[in-house]
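Take a look at the structures below.
Two complexes are shown next, each including chain A; its partner changes from chain B in the first to chain C in the second.
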Partner chain A sequence: MARVIFDNVTKRYAGGVIAVYQLNMEVLDQEFLVLVGPSGCGKSTAMRMVAGLEEISEGRIIIGDRVVNDLPPKDRDVAMVFQSYALYPHMTVYDNLAYPLKLRKVNKQERDRRVREAARTLDIEPLLDRKPKALSGGQRQRVALGRAIVRNADVFLMDEPLSNLDAKLRVQTRAELIKLHERVSTTTIYVTHDQVEAMTMGDRIAVMSLGVLQQLDTPQRLYDVPANKFVAGFIGSPSMNFLDVTIERRNGKLYAVAPGVNLEVPDFKAASLERFIGNKVILGVRPEHIIDWNQANGIAAADSKLPVTVDVVELLGNEIFVYLTLQDGNTITARMAPDARLQRGLTLDVTAAPEKLHFFDPETEYGVY
Partner chain B sequence: MNHGKYRLIIPFLAPALLLYAVFVLYPYASAVKNSFYQWRGVSANKTYIGLDNYRRLWDDDNFRIALSHNAQLLIVLPLVTISLAMLFAALFVQGGRGVRGADFYRVVFFFPQVMSVVIVGVLWQYIYHPNSGILNSGLRAIGLASFAKPWLGSAQYALWAVAAVVIWQSVGFYMVLFVAGMQSIPWDFYEAARLDGASRFAQFKDITLPLLWENIRVAIIYIAIAALDLFTIVAVMTEGKPNRASDVVARFMYEQAFTNSMFGYASAIGVVLLILTFCLAILLLILSRRERLEF
Partner chain C sequence: MAVGAPPHAGGAPRAHRGAGFYLVIAALILASLFYLMPLYVMFVNGMKDKSYMTLTDMWRLPQDFSASGFRIAWDALKPNMLNSFKIAIPATILSSLLGAMNGYLFSKWKFRGSDIVFTLILFGMFIPYQSILVPLIQTLQKLGLYGRWEGLVLVHVIYGIPITSLIFRNYFANVPNELVEAARIDGAGLIGIFWQILLPLSAPAFVVVGIFQFTNIWNDFLFGVTVVFNPADQPVTVALNNLSGTTSVDWTAVMGGAMLAALPTMIVYMLLGRYFIRGLLSGSLKG
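Up next is the complex of A and B:
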């Protein structure tokens, strides 16, 4: 059990490529922290620096209260679950689990006890005599987890462990991992590119892009108060709609305006948006917050609406995704209840509750709050 | 469908099988037949003598000497060749990221394998020359004159001087084989092992060796079979001299046939060699069998 601190960590490769830039964050003791971001954002590199599999170019990484920059992987007391599981193919499941203990010269009895305990926790006892090639994907994943927990390490590192599983198994295993974390309570750094995994599993989430930490926060706050346009567009699926609008004052209220767009700005944002009056700003609204104006029930002002034409409707059973074309030709996505009778070519007015609107500075892309 | 398949395959296979039968199988059968005769090889006059050639072989000291040399090399050649090839391959693969100039080293190490054995033999005769050879000249130049031996002329060193040349020629081939094998081992395993606490040596012992085993097995069998042959290199470098100190069974057989004109006897030696090699190969295959790994 230990915390992990990234103290101004940078990773630079030969040739000038910067994979991680001035990363500052603390993973709290016993926290399940998810590192999320698109491919190439530096999340795996950051995790591998904690493991010791990548050299740290600048800055320090602290595990517990030790600076680990110069410690080899085996002395850092971290255990890792690889995306490909990396189970030794020539050893049985038992031997795979026992290997780290054997290397640390743990005596046979203790080794056996710990292996069997880990196997019991993960429900893989019947598989102990098998070789990895005789296991299914889900079973291999559990053995990989077993190899990590058998060591009682301070920190768990997981590198996209669910990527190789089919959708159904992924959902199942996600729940198992969460339960495991509740049982074992080890500080965990979990890397994924899947924002659904991040949102459902993390105590806190660190969103990264192009080597830079964008925001470190709880899932709900990332959703409600994204720090910038990138985070706003990354969290939430389908992703947030962005429109270029101008802020205007009318009748003492502020409106976000564009051809075919007229949406009321909430009062609590009026002060921060003052400086954008007459200027462009980026408006963001999530698909789930776009509603048929006729069913708005006074959520928005009477003149706060967007006339749209329905382009494509995707039926998902429990909801529908609708692709709507605005007057100026831009498309936005909306998520609606399945009983909305919409088909291609239909025109209607949509709106969004003012407090659900997000605004971003067009130059810096920071959120305006 | 199936019948059509064979109708296509057989015409393609037939010429190759025919050639094989004529140039490989028939000589084998011929050799076995001739081993029961006494035959000077010049005329068609053969005298049937039953198992006499084999009885003679059993008592022939010179045959025993040659066979013992093969036996010694059977142990030494695979051991040294594979160890060296492994060492060079490990250095070459060096952390999985390759060495600068890798292609150059690959060519240089592999080059001896490409040279004709006869050329290699002649080349090393010059190198081993007691006076003007580069080896002894070099040793004298750095003050190790006491190490400058008459390599090919000494009963003590001749066999091993030849063995060294055989190793020199074949290490490159096995190094390339092992490099290919090592590079196919997923990098993840080594990272997982490093985190588990494995030292470089443990990584080699617990991951590289087991996962490379198929390649090593092939190497052992090939080198072992070669160790029972070695005709060309010995014939070129020493002709088995001095006084059979560097002789091997294959060269001894050649001598019986072409120098002593005893083709029946030589055929018997050939048959014995065939049986020995065959048994050795089967034995090695069985002993080194492991489960097939998937990764």
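Up next is the complex of A and C:
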């Protein structure tokens, strides 16, 4: 068990490309931390530096109490699960699990005990004599996990371990991974590009973009209080709607105004928006917070409304995604309960749940709180 | 595809074997017959008795199947055949292993300048053997290996390094890097990963390299005749040439001898040929 500290870590490749820039973060002991971001954001590189598969250009990485910058992978006491599983094709499942123990000179009896224990934990005991090519994708994934847990390593590193599974199996394995972590409580760094995986699995989530850490927080905080426009747009599906609006004061109230947009700002947001009065800000509204004005009864002020035209309706059974065109031609997405009235071409008024409005500084794109 | 074959009106969408198909087959059969002609001549004349063997009769089948040519050739070439095995087998194994190690390093442990070093190694393939004979002999003399079969093994091993390195490098390039990375995290080092992970996976590459090297080394004449001067130590290719070196040539023996000398490489190729082609084409490990 150990914490992992990134102390001002930068990764610069030959040729000057910067993959990770001045990363500072602490992964707590026993924490399940998810590194998430679009491809090329540096999340995998950050993890591979912990593993020792990439050299650290600047800064330090500390595992437990040791600076590991100059330690080879085998001396860092980390275990890693790869996206491709990287099982040794010529070895049986048993030998795949036993291999790291053999290399660490664990005696045969102990080795056997631990391999069987890990196999039992992951429900792969009947597969021990098989070769990887005789396994299904889900089974291979478990063996790869087994090879990690058999070592009782200080830190687990998981590089998109579920992305080669089909959708149903992925959801199932996600739950099992969470349970597994609750049982073994090993500090885990989990890399994914899938924000649903991140939200459902992480104790905390580190959102990265262009090599820079954008926000490190709990899933709920990321959703409620995104630090900037990138995080706001990345977390949540469908993603947050953004509109350019001007802040105006009328009768002692603040309003976010644009052609065809008039939304009253709740009082608790007013103080932080004072400095933008008369200026532009970026308004963010999540699709699930857009409400049919007729059904808003009392949630929003009477004059808070956006006249829109229904463009496309996507049925998902229990809910619908409605693509709406504003008067100025911009499009927003709403997530609503199924409603037979909503057809292409219908015009209606919508509003937004006032306490769920987000504002971002148009210059820095930082959240205004 | 099918030259001159009109498409069937409303025909089934499966490949149709038209006239073009049979033309191609016929051409292939003719070509293989053409390539088999020397083999035929070697075989039938090796089976003939010396007295029946004339230039005009060389296409005829033997009358009595005495196989005397083979017998004479076998008696004359047997020690040299053994020499060839003694040279080709260790040289094949050693150069394959060295190639595997090189290929491993050049594909999985790239270092600064490794691509330049690799290019320089490949250069060895393009240097004509004849041009380096004098320094080669001088070097072997310094090493005390000139005139000995061990020297010939060394020459073949070194001359094999470029091609074996190339084949193994390309083969290992198809082995996913994650496998090496997983092994590094599991605790294996540079050498452990080679022996425990990559070598067990490289049987197809060894077949390709093995056939290639065995055939090349077995068929070599130039190094055999220059590095080793004692006829009793020379490989079969040199001894075969000596069979016809006397004033009166016993063609039945020469033909039989040529057949015998070609036999090992033919057997190797027949047994492993399909792996050879498969290994050359794919070398993939997926699935």
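What to note about this one:
As a convention for this text, the second predicted complex is superposed on the first by the 367 of 369 C-alpha atoms of A that agree within 3 Å, B and C clash if a C-alpha of one lies under 4 Å from a C-alpha of the other, contacts with A are read in each partner's own complex, and residues count from 1 in each chain.
Assume a residue touches a chain if its C-beta (ideal position, glycine included) is under 8 Å from a C-beta of that chain, and two chains touch if they have at least 3 such contacts.
As the structure is a prediction and not an experimental result, all values here were calculated from the model.
When both complexes are superposed on chain A, chain B and chain C clash. In the superposed model, A:Ile56 lies in contact with neither chain B nor chain C.
Touch criterion met: A:Ser84 reaches chain B and chain C at once. When the two complexes are overlaid on their common chain A, residue A:Arg104 makes contact with chain B and with chain C alike. Looking at chain A, you'll find residues 51-53, 72-74, 78-80, 82, 84, 86, 88-90, 99-100, 103-104, 133, 147, 151 touch chain B in one structure and chain C in the other. Chain A meets chain B in the complex at residues 51-53, 72-74, 78-80, 82, 84, 86, 88-90, 99-100, 103-104, 131, 133, 147, 151.
Contact residues on chain B toward chain A in their complex (touch as defined above): 186, 188-189, 191-198, 202, 206-207, 210-211, 291, 293-295. By the touch rule above, chain C contacts chain A in their complex via residues 176, 178-179, 181-189, 192, 196-197, 200-201, 285, 287. Put simply, chain A touches chain C in their complex at residues 51-53, 72-74, 78-80, 82-84, 86, 88-90, 99-100, 103-104, 133, 147, 151.
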